[in-house]
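Both complexes below contain chain A, partnered by chain B and then by chain C.
The block that comes next holds the complex of A and B.
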């Protein structure tokens, strides 16, 4: 297997507060990987560093040989909150922006995903509920033909039924060689998808294991994840 | 990778929305002022050329007054857009949606400044075209044509040179404004993200005030140094009057380049996109 993503000795501070320290991570192509950790553990920061939107970090990021930020951005698709658009922007205008700006954006793919998510292109962003907005973000993210998808807590506002449908379909939306790094609190719901699990704790990557190994030694991936916080709960 | 042209076109489209909105408001305000002027005025409109007066068609006079109102309100509209475009620039600099675009920070910043400046010129063009078009019916009046014919304008080579020099100077000064606003914003954001204590509103305000004072002081000194050094260097002009013009243009060019390089450095190394 080829290394798709290499994170080497990455450390990051903000306001003199340590967020990540000596993070090392290697992901192969074609995998679906969960990035798990409690709130404030640094999952989002790690994704933002990989995506090239967080600055002033130490260490190296490499996505298939691309180390410069602009080159990395071309190879990945990150769930963006669409804050760059005004609330009066229509979905079709957001799609036009993506189609113009990203060479790998597939409008036909988006149209299929949009229908799957039941989104009306004439709707304005202000008319979307939190769940609908998240569905739009997922549809936009997967309409790009990227090597690496970074999904930062993508299902928070989506109702349970729709969430299940989306999670079951994710595997169909990515190319065979593409890798997905997904951070989420709904560990059980995404566990069936996972090839690997990465645990972020104490400002660093504490564990990186294959999902099959975890399933052999633990009841479930959720139980494995919770075991990292068992001592803290006892206290 | 996204090309510079694609990004530039996209940013231009985005910013020109504000241009059209401001232009429409300006045209509507000018129309209202013109109607008020006509309603409150009495008698038939007249064209005055020295001691001669002649009556003018009401519609032609209405359009001419509208053109004058457009000219007057253009100073306010241009100032408003100047401020709006500066704010928009800084929002884009910090927007994750825009910063995820696969281009280098240099291209990103140049496109942001360039489109702000070009849309500003676009607003000026829209205003100028409207004023000219609404003044055109005045040419149907014989007295107006006669008055224009009497006004002889002869531009010498020196006049053209001065006009070109002024135009360049306006471009460099306009660009300097956007570059300085970004410098203030990016520098204060870098410091806020570096210092302990997070980014509370009070803290942010204090830092911004300190940075503004510090940068104005530094820029004052830098401008004095740049201008005194380049003031002695005038390789391509002969006349002493031209020397002053050419060196001033050169000084502003160097100033713009230096500020832009600092902005690029700050954006590239320190200023992150705002988290969603």
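The block that comes next holds the complex of A and C.
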């Protein structure tokens, strides 16, 4: 199978502080992959580097031959948290902005996703609950036609129903060849969905394994993940 | 359908479908739900469903019609064997559990007979 994403010897410092060191990672196309690690382990930073948002890193990122940031950005869709919009912005205005900025943004697809998520285009960002906001972010992210989707903690602080909607949207809208990388610090809620698991700890990628290979050893994904932190609980 | 997280999911999907077939919820020659529908119903990845269906295709219990989907085999002997092997699994479990309660194999039949008789009395 062809590599979709290659992260080679990537290191990153922020304010002289080491965030990531010698990260290596390869992802194939067509997979659902969890990026697991504690808060502060560097998951978001790694996603931001892959997405071309965080700059001044050392090492190389390659997405199907694209290494420059602008080229990479065209091949991936990243949840950016809607940080650039004011609270009074309506959903339909956000959509308009996305459609202008991204050539591959499909407004019809967004409309299907929006209806599936039960979001009203007239609503302002300030009116959205945490779960609705996350659903909107996912709908916007999946409305682009990309090879790689990066979802940064889509399940943080949302209720079970919103989570179920988001999980179902992943199953329904994921293109066969597209790969989805989902970061989380808690694996249970998505474990049945996963093809592969990537563990981020100590500023680097420690392990990368197939989910069913882990289960083959009669370990649950959660037990596997927790085993990386077991020694710390003893202290 | 809840999956155990310490057994490969594709194996559990196979078991689930085998059960559906043995229980007659999916019958000989019947089309099974699409890959995406199964994925949604079971909250699993499409790849995982595909892997399970591929295995079942190579075991002969399912067959694929190009562009139409997956169908349950019409081989009634194979279906009967499949059902019997699921029944055997249940029985094996039962025997093991009874052994844990200290009931020996030679006592099994009488234990079961007594139970069925008592249960029958209660229902009269």
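The rule is simple: the second predicted complex is superposed on the first by the 229 of 235 C-alpha atoms of A that agree within 3 Å, B and C clash if a C-alpha of one lies under 4 Å from a C-alpha of the other, contacts with A are read in each partner's own complex, and residues count from 1 in each chain.
Here is the rule we go by: a residue touches a chain if its C-beta (ideal position, glycine included) is under 8 Å from a C-beta of that chain, and two chains touch if they have at least 3 such contacts.
This one's a predicted model, so the numbers in the text were calculated from it and none came from an experiment.
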First, second, both or neither for A:215, with chain B first and chain C second: second
Which of chain B and chain C A:118 touches, first, second, both or neither: neither
Partner chain in contact with A:101 - chain B first, chain C second, else both or neither: first
Of chain B, residues touching chain A in the complex: 1-2, 6-7, 9-10, 92, 95-105, 193-199, 268-276
Residue ranges of chain A touching chain B (in the complex, touch as defined): 14-17, 44, 48, 51-56, 68-71, 73-74, 78, 80-85, 97, 100-103
Chain C - residues contacting chain A, complex: 3-10, 36, 39-40, 42-48
Touching residues (chain side chain A, partner chain C) in the complex: 30-32, 167-168, 171-172, 174, 176, 188, 191-195, 211-212, 215-216, 218-223
